[in-house]
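Dumping the structure here so I can ask a few things about it.
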Amino acid sequence: MNLSAILYQLLQDTLVVLAAPLLLGWVNQCRAWLQNRSGAGVLQPYRVLVKLFRKDAVLAHNASYLFRFAPYLRFACMWLAAALVPVLATDLPLSPAVDVIALVGIFALARVFISLAAMDVGTAFGSLGARREMLVGFLAEPALLMVFFTASTISQSTSLITIVETLAHKQFLLYPSLAFAAVAFVMVLLAENARIPVDNPSTHLELTMIHEAMILEYSARHLALIEWGGALKLLAYFSIGIALFIPWGIAEGGDWGGLPLAVAALLAKLAACGFGLALLETISAKLRLFRVPEFMGTAFLLAVLGMLTHFLLGS
Amino acid sequence: MEILWVLVIPLAGGLLLALYGHRRFAPELNSAMSLGTLIAAGVLTVRVITGGPFSFFEEQFFVDSFNVFLVALTAFVGFTTALFSRPYMRIEQHHGKLTANMLRLYHAMYQLFSFTMLLALLTNNLGILWVAMEAATLTTVLLVSLYRTPASLEAAWKYFILCGVGIAQALFGTILLYFAAEKVLGAGGNALLWTHLNAVKMQLEPTVLSLAFVFLLVGYGTKVGLAPLHNWLPDAHAEGPTPVSAVLSGLLLNVALYAVVRSKVLVDGALGSHFAGNLMMGFGLLSVVMAAFFLLRQKDIKRLFAYSSIEHMGLMTFAFGMGGAVATFAGMLHMTVHSLTKSAIFFAVGHATQKSGTQVMEHIRGLIKTNPTIGWGLTLGTLAILGMPPFGVFASEFLILTTAMHAYPWTTPFLLVALGVAFAAIFSRVQTMVFGASSGQRLPHPPALLPVFAHLGLVLMLGLYIPPYLSDWYRQAVALIG
Amino acid sequence: MQSVLPIDLVSIAILCWLALGFLGLALQRKPQLITAFVFPAGAAVALLLAAAALGALSGPDSVAVLPLGLPDLPFHLRLDPLSAFFLLLLGAVSLGISFYSAGYFRTMEGGTLGLLCLEYHVFLASMALVFLADDAYLFMVAWETMALSSYFLVTTDHKVPEIRRAGFLYLLVAHVGAIAILMCFGVMQGGHGDYSFATMRHAHLTPFWASATFLLALFGFGAKAGVLPLHIWLPEAHPAAPSPVSALMSGVMLKTAIYGILRVSFDLLGVQLWWWGTVALALGLATALFGVMFAAVQADMKRLLAYSSIENIGIILAGIGLTITFHTFGKDAIAALSLTATLYHALNHAFMKGLLFLGTGSVFHATGERSLGKLGGLIHRMPIVSILVLVGTLAIAGLPPLNGFVSEWLLLQAFLLSPGLPHPYLNMLIPVAAAALILAAALAAYVMVKFYGVIFLGQPREEKLHEAHDAGLWERLGLTWLALGCVLLGLFPVFVILHIDFVTQGLIGQRLGTSAARTGWLLLTPIHPERASYGPLILFLIIITGVVFTLFAVKKLFHVRLRRGPAWDCGFPEQTSRMQDSADGFGQPIRQIFEIFFGIVREVPSPFDKHPHYHGETRDRLWDVLYLPIARAAEKISVLIGKLQHGRIHLYLMYSFLTLLALLALLAFIR
Amino acid sequence: MTTPIIGQVINLLASLLLLIAFAMLSQRRILSLINLFALQGLVLSVSTAVVAYSSSQHHLYYSAALTLILKVLILPSILHRLIRKLNVKWDVETLLNIPITMLLGIVLVIFAFNLAAPISQMASTITKGTLGIAMASVLLSFLMMITRSKAVPQVIGFLAMENGLFFAATSATYGMPMVVELGIALDVLVGMFILGIFFFHIRETFDSLDLQHMEKLKED
């Protein structure tokens, strides 16, 4: 592990944690445009965060240590996830410690903790949100994992780096199985990031909300961390999608020359994805909650199907 | 000489008790006589083990390791049962179920009964064997009908008629055997001596012997309690006094099976085929399966264990039918552990019924609370009889089942089903009787549970460790009949 | 004088356990002595056992012959890596459980305690003996003794009819299973009464008989492990037992069945046909999904855990099936991988489930409640227990960096990196199987959130919960040990694998450690770093640093006050504890999605009820479609046969007459 | 007398026995049943004596005498006294009507003959032909026990079966060894006494000897 690699790692760490709210802002802005609103500007998330951090925190009387600990953990998990996905270059010293399965595990860890925290105060909405979150999660997780598996059966590896290298730098092939996987991944992305049609981040309508219901009791810095973590999560998912399905332009290990190009490519891709997400959210309507399992089930089945096609067509 | 003692003591005991059986000391006298028999049997056993088989009184009596092991078993269980019946019968009298005269009859018949069994075991003459079996039937008929209640009379009547008729068939078989034998051995007394027959069994006429075996099997099989000839058995066990049920299950059935096995040896020798074995296997399997399903619907605790006796006799018959060293060994081991365990169970059951004043299982509850020793005795005994290790019954069942699986795989599904059903049937009942809320009264006399735990202790030992001399002993016997 | 072999130590440990048991029985009059001395001593013995097993794992096989048993069949003992591994499991887990018991049974009255102490230690000893046995007879004796002692432990509180019924059901299933096992040994035996495993290894069986043996073993051991459809006893018996016993049964006893399957199919039978693996795999996955599904809808905390045990057993069985499949196709590297994963998961589950059951025990002691609907908010009253149980919860939910995740990770690797098998259907099957496995794992997370959240979080659902007290010292000690195990097994997988290697080496002649530890103990690389790697310790440290960094950053930059206030809850006024999700409510989505699998009995109050009462119950369909019919059939047959005993002596005479005639006719026919 | 004639005599007696067996099968009245039984005993002892004379087996004389005393004098008189004491003279109903019983009986006879044929070939005695008859009469009395619904006739059937066995013993071989025969006789006698006592118990408990009252013990 050489110096440049460490530098890459640090660079990416700081980059993601700083840029995440920007991405969120961009997505919201796009949505505003698509809905003929003049949005609050791409920097709005930063303002929100600053505001929240400045406030006094109010905790419910019977909130336990778990309740206060959860936001930090979730933030750390998301940060780690976002920092591990090779988006600029493919040698990240930390990456070997966490392969795709572990990545999914980290997401699950965050989810479980936030759900527990939601149940901690013991309000009706808290437990309701936790239940729904876990419901979405137990279907989304396998789907995501199967998406990864499709990719890793192609590259005969579960380590992100190897996958990306295979897909990006080996000779270009069209993998039909990846098409299925891509669709499934998008569906998972929507669900996991509390987006329409599964959830609506900007609603407080009790009957429909999932993610919001869980974090109702949070305020001030805890809420800020959760928001920020959400942004990081979105970024992580974007970069995973990019790494899996449109990895081209990523820099080889250790050539600083390729870096600017890589950065440019990444920004372009992120912007495009953000716009795509906004577009999806705009044109689709929120599902009834009972439909959500079917939605996720479809995603899961698509992912499995992708894997099967890979075996059927003998790659 | 020892043989004479083994026979004379119980006979004398019978006569003595016929005179003094109603006195207060009668139970002790009874136990003493049985103890004497036990000691004589022990001496005899030692002599046979050391000196090998020998015959006596111009070969009319004969002991080899096969029947001496049954003699020892009979004497032992006879003694422990006598010990158990001391308090039991006193309590019965105290409850007003028995009069002094009935007790006299009981004690006299008890001794005569053990005499007949020992005679049947020790005689070398198949005719005398038959006579002794018939005599055993007669004595036990009187024992079964001891209470003079309608039920007990009915049971005794059925027992008498069915076993009488069965035994008659056995006599016919014996006649045919004699008919075949006298061609080889010439007419006269020697032609029925088992030792002589065994010597010349190769030359005996196959057709006659196969016919004879059919009659013998049906005849003695009735007394073994093989389905569908078993119908007398549950009634007799349920209605007679419990010590009698104990010796019936523990000893008489064994003796009858002994007769069957002896004749099987001759027939196998003559036919050189597996004809007899197949018949026995068939009967055994049928009995096991039928008994298992009978067990499922019992209400009376003594009937329950009577049917379990049928099941186990079926298992032994099956084992002896399979033949071969392992199976025969297993059969004899099963004889031993079954009679020990089953008599122990009947002891516990006897006191349990006295405690709660009924034989109906719904009304027996919480024995472990009211009287832990009875409760645990019943529980452990039941688990042992159900073939739970580390008790000896498991050892024999293990050998039987594995051998069957190896030699006759098609039989094992039946055994699997039967054992499973039997387990469910017995254990569910016993569990509700020993556990749960308690019900029951105090007994006027302290119950005798030493025999129970003595038996169970022996069975436990046989499950974990079979002393070398015992196993050699078994092996000799196996060599004789396997 | 020769040096002491591990096998001697193990035997000594077994004897000590037995001795302690009887000592406990003798000390009936002084219960405080039993709790204060006998159980801790048992723990010490467990430690000895674990140490000896650890030593034996790397050492050569050692054998011993006892002068007991049947005439031609003395008891054979053998300590090879496989048995050593499971002995290690037994020792390590029972160490914690015995400590815990020392505290847990404090309040029990003397007589019962003495008996329980005896049964408990006999149970431990018999399990150790199962692992040590090297001939069919000793194995069966130990096996059934185990069943028997655990039965008595289950029915400790035999006043309650349900508990009696549970105990009966348990012993019945165990007994039938045992007969099946016995028959499978019967097939393998060499005839003329040689039952030692040594001869069975060289028994030459036709494929048919080999398969029959395998299926018999699967049936027999499956009955003990709670594999579908023989699982019915498990959710009844485990809740019925006192918690330490449930912990032992779930944590260790189920593993004896796994040991049996491995011993028979790999060691004795020598795996032969690939479809055995497929059968085991399918059965295992079905069991896993079934178990977790039912766990999700349980309202009794111990039943929930019992069903989760079924799930984990399913996963383990699936692993075995995968191993068999690979092994039969000669892909031993991957076979070794999946076998390692399987054993690893068995070890993990022992720790996790032990921990959780003990946790429920503490909760039960503190509150007297087992029903999830009456618990809640205990995190404030029982801080220590809640933290330790949280560890177990996260572990069994399969979350990194704890141990549950590692084994599932390895198993997934085995699934995923399967090269094309020479069998198209298998290639189709395996990804689907992987999907099913993941689904089960994900559902487990759902279940565990429900478990922990409803018990420890939220507001207390009953008034009396305010008096709940934290566990005592002994309990904490036991819980801590097990929790520690969960963490360490999670953080240092390479060491564990290096030890499991001896087992895989023995069973399929292939070891993983060389490749697994290629890049040092920090990084776990089962096949090759390029293919897959996982560094739990690194991961853990990163997350911790992340958390700490954020914590400090926030504290540094924005030092603002923290106030306590009433819960907001969208501004709804007076919050009551009844408004939280009940256990049923939390399971509702699962019940809805998988409705077809449950037999649901529900009575919903009408709007006009004066005293509205809701009752919902999810029943196991298998009862109605499988077990009740069998029972009814048996009943019918017995009615029919009962008619034979008709009471009329003439009929009886006719039976004998017809029997005689039939036999005579047969004879005439044979002539 | 010369051997063939003796053979014919014995065969005659044998067929007489068979006839008596059938008569018992068809007989309703207990009294005449007992008389038939006595007659059967008589025929039996005569045939035994004849065999003894022909084969000069002296111990057969003893058994003939034994039969005469036991089965012609003692047992019938006991039975007579019994039924007088218990005044059960009539046995109106049989469980199977007479013609069918007879038909079954004939089938049994054929069956028995076929079964005994190969064996009697190898018999060395002059009475070899009669083994089949012996077996037949055993089976017939068995059938009789099945069809009789009262206690006393059942017992008579039992004794008749005993007779059949005894005849088999004399015809197939020249009688069993003496000690065995004595034992058998003793058993039969004791059994009779016990039964005698029994009848009174049964009588005073059920106040009839009808077996319908003794069907309480069964699986329900």
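For reference, chains read A, B, C and D in written order, and residue numbers begin at 1 within each chain.
The rule is short, and it goes like this: a contact is a pair of C-beta atoms (placed from the backbone, for glycine too) under 8 Å apart; a residue touches a chain by one contact, two chains touch by 3 or more.
Predicted, not measured: the structure shown is a model, and the values here were computed from it.
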Any chain that touches subunit C and subunit B: D
Chain whose mean Cα position lies farthest from subunit A: D
Which two chains share the largest set of C-beta contact pairs: A-C
Distance between chain centroids, defined by C-alpha means - subunit B, subunit D (Å): 31
Interchain centroid distance [CA atoms averaged], subunit A/subunit C, Å: 36
CA centroid of subunit A to CA centroid of subunit D, Å: 101
Whole-Å separation of chain centres (CA-atom averages), subunit A against subunit B: 79
Subunit B, residues touching no fewer than two other chains: 157-158, 161, 165, 207, 211, 234, 294, 297
Residues of subunit A whose C-beta touches two or more other chains: none
Per-residue multi-chain contacts in subunit C, two or more chains: 642, 644-645, 649, 653, 660, 664, 667, 671
Chain pairs that touch, as defined at the top of this document: A-C, B-C, B-D, C-D
Residue ranges of subunit D in contact with subunit B within the complex: 57, 115, 118-119, 122-124, 135, 138, 142, 145, 151, 154, 158, 161-162, 165, 168-169, 172-174, 176-180, 183-184, 186-187, 190-191, 194-195, 198, 201-202, 205-206, 214-217, 219
Residues of subunit D touching subunit C in the complex: 95, 111, 114-115, 118, 142-143, 145-147, 149, 154, 211, 214-220
Subunit B residues touching subunit D - in the complex, by the definition given at the top: 125, 127-128, 130-131, 134-135, 138, 141-142, 145, 148-151, 153-158, 160-161, 164-165, 168, 171-172, 174-176, 178-179, 182-183, 187-189, 191-192, 205, 207-208, 211, 234-235, 238-239, 294, 297
Interfacial residue positions of subunit C with respect to subunit B in the complex: 67-71, 136-137, 140-141, 144-145, 148, 155, 158-159, 161, 164, 167-168, 171-172, 175-176, 179-180, 182-183, 185-187, 189, 191-193, 195, 634-635, 637-639, 641-642, 644-645, 649, 652-653, 655-656, 659-660, 663-664, 667, 670-671
Interfacial residue positions of subunit A with respect to subunit C in the complex: 53-64, 66, 72-73, 75-77, 79-80, 94, 96-99, 101-102, 105-106, 108-109, 111-112, 115-116, 119-128, 130-132, 134-135, 137-139, 141-142, 145-146, 149, 152-153, 156-159, 162, 204, 206, 216-217, 220-221, 225, 290, 293, 300, 303-304, 307-308, 311-312, 314
